[in-house]
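Every chain is named by a letter (A, B, C and D) in the order it is written, and numbering of its residues begins at 1.
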């Protein structure tokens, strides 16, 4: 096998190259030749092709994501914005929090356990790379129909993978979502989020500066994982000698990752690194080019020094390998020894693979010969940008005209009761405890709230009781009906969930799951959703700190529902003031905050009872969301409420049932004047929450709502062992508990 | 001077910092112990905390058992030093044969995290003196290899000698034989259990109960009284 | 009744964290000279009827679709010569 | 270099829920006639030197003290006849 060196490439300008097979477009290949002033070497071609892929370069989404940086709300909390491994916000008392959500959709369909496991591993390394100790994970998940046979393959594997990896790392899982919809049948969405905590001065960035500083690769050995595209390279340009087909699947080793976390935190503590980057998609190609691109100067790497698991790997493959559990650090020469000692202490393999140079190029050598010589920015940050055509789909009007208002409503109290029970027991509304009980929510000893609470909450400081909360939400049905409003509803729901727990929403991350950007319909959904989210964040004062885009989520021509998932991070000064969802005290009064209209488009009721999706999603009123959040936070701080639960899919009755089951207490509800029982129970109007108020606080609480202009309606009392809607029906707690808790185990256990 | 309680960290241990906190909450001094060191730093008692030491690869606890620190812990335990193994720590103790039996994959094959009700069957161990025999407590349980098994003879012996220290109540979460959640050695100084008392020492955190604090106050009292 | 064994091992190119952990522990336990360890699964199936070609073909299919995850694992099907069977053969 | 295999299975009297789960799933997948399934572990050890009696004794000890937990598991040590070895034997 002849090595395709820079010299060789210069001398053989006409050699045919498999740029097309590697997913590059003709003009992209031409641009690479233009940048380099020659044809790329095989290694360079491999690097450009992965770094310019949709996944790494965001080439289709970039022009829309720009808005998140342009429409930034006034917010003093923001410390590090979009562009780094994860954003960072100030949560007070000298603490900073970093958080992010990422997708691992496609790998999880092929190999559910490992796909989901390595998804957790990847997001945790992102958080670690910012300088933070990871303190919690969340997992928004979407699967095909609950009763589809393939869901029985995918869901248990994904859940076991998330648990298997996260539990072994010692990260409490404090929230997420489980949604079923046949649109995700061939394309489940496995998103994973992580929160990390550090002191302000510990923030680290991914940059390589200071000529002479060492580049250290540490963690797992490099194997042939996840280098699908490169096998093309190996077979087409070179005579293939090594194993012909490399696995596209990566296998995770959570034990190795746990060591990597502890080792890295100890290294941070001794201030031994200048810049640091995790290895994720595109492996070393990504880490070296991004570090060099973000820093000053160039970088020189001796690829032979990389510790291998498989000695037959070609240099291209080493550059591309997505072997898990690896990090890359920039270390001053006199700190290298100490760095190595700490790695040895934790049984972590560490190797100096190169150094920062005072040049401007990323140069990579193999057996003494140069195989890469590129300006790093052109690889990492100056990839192609597409302005993909988009247009409102021809079917959008018809979909919106198919109003859910015309669906037959329950005619009798008995029918209403049956439909309520059906909604509560439907896979989407049913308890997810069978799933979430496979996750450790207690580890680290700081968990204040976890599933099934509205938001997860962890204590950050044992002495002051400072804490942070996070919720993740998305509703593909709403977004399908109106992507702009759907994105805002996802944001609003997540924001409301955080506020309901008593925390003040600070900032957001997101994971935008969409179909093919080459489809103008999908691109329109994407454009609308990002515009909605950016406008929404501006209105709510919660900046976007980062996120992730997952495109090409489709089966054949059929795209998934547009599914923007939003994670809102909040802060609470005193976790002892947190608000749980459980109704626990008999005699407490139940109040509905916000206004209820007849809003059934995209609702759980329309889906469960009528298998219908049409009309418009609930109206968005972000000013109202803001006010509601303020009231919920003040009420929690001043001890005016003992429980709060936000209202979302399934409407009021769903929330009341969950709060009753959680507290093991019943509720007597009265349908307020001006509302019919059906609308009262099942409408999904946004901007609402239900709270449980001690009688001694009633006046103070309603006065506060009145003074600030938030509609508040007394709807009942915590009492008995049934959910009773006076004059209509009663459902015993035991009947509700059976309906709510037996669905998921019935399907998957 | 208060008691010094060592908390061992193996590679992959997860609950070491929580256990140190629990020791402190009870009023004792927590002394971190590292798996590579034979030196127990003159501690008065040792806790082997939960987690996935060595990833639980091979079998839970199988690799940790051979660490240098365990050589000392085994010697000292045989000489009467109080040792508590929680979850992975319990698994290590069975692998060392300081405690009889073995831990296997849960009968339902899933990891399970729940608030678990237990009965404290014995208040005669070093770690349970602050409870009363028969007392019911709830503390978190979280594991995938939590099914306690031993042959019939061993089980009968444990029962006869009053060495079943904790039993699951309401639900047997993993198929453990005779609902056994934890056991003790003959002398009562070595105790192992699957559920996690260290996650139940502060109100608000986790399940919001403090039912696990008794483990740490028991040992503290015993050690201080012994002085 | 006969016993058929299906051995399932991770493909050679796939990371085997368990095997690696075992191998790394061996020197510490005083066992030298083992250069690699891979850990896999062994299934022992008790087959009711005769283990003829048809039965083996079915078991092969079962291994391929169910016992092994061929995305990451290889498998081998073997008929176990039970003590008796061996005796009878001779 | 030679390969030695250590098979570790749960003792017959110990409940094997993994094996049972496999067995229960088989009829649903259309596989009949398997009356029992047990799932165990298979270790493939690559031995550096010759696999003589001394080496096998060491591996036996390794299996007994480490690879298997004899409270619950039985084990068998086998020298794997590689293709070559078989040829050579004949």
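Operating definition for what follows: a contact is a pair of C-beta atoms (placed from the backbone, for glycine too) under 8 Å apart; a residue touches a chain by one contact, two chains touch by 3 or more.
Keep in mind the model is a prediction, meaning the values are calculated, not measured.
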item	value
Chain pair, B-C or A-C, that carries the greater number of C-beta contacts	A-C
Centroid spacing, where centroids are CA-atom means, of chain C and chain D in whole angstrom	7
Intercentroid distance (Cα basis), chain C paired with chain B, Å	35
Rounded Å distance, chain A centre to chain D centre (Cα mean)	42
Junction residues of chain A - those touching two or more other chains	253, 255-256, 347
Chain B residues counted as touching two or more neighbouring chains	54-55, 57-58, 66, 108
Touching two or more other chains - residues of chain C	17, 21-22, 25, 29, 39
Touching chain combinations (by label order)	A-B, A-C, B-C, B-D, C-D
Sites on chain A touched by chain B in the complex	160, 163-164, 167-170, 253-256, 258-259, 346-347, 436-448, 459, 462, 575-576, 578, 749
Of all residues in chain A, those that touch chain C in their complex	110-111, 114, 220, 223-225, 243, 246-247, 249-251, 253, 255-256, 309-310, 323-324, 347
Contact set on chain B toward chain A in their complex	11-12, 14-15, 17-18, 21-22, 51-52, 54-57, 108, 110-114, 140, 142, 144, 196, 198-199, 202, 204-207
Chain A partner contacts - residues on chain C that touch it in the complex	10-17, 21, 24, 69, 71-72
List of chain B residues in touch with chain C within their complex	54-55, 57-58, 63, 66
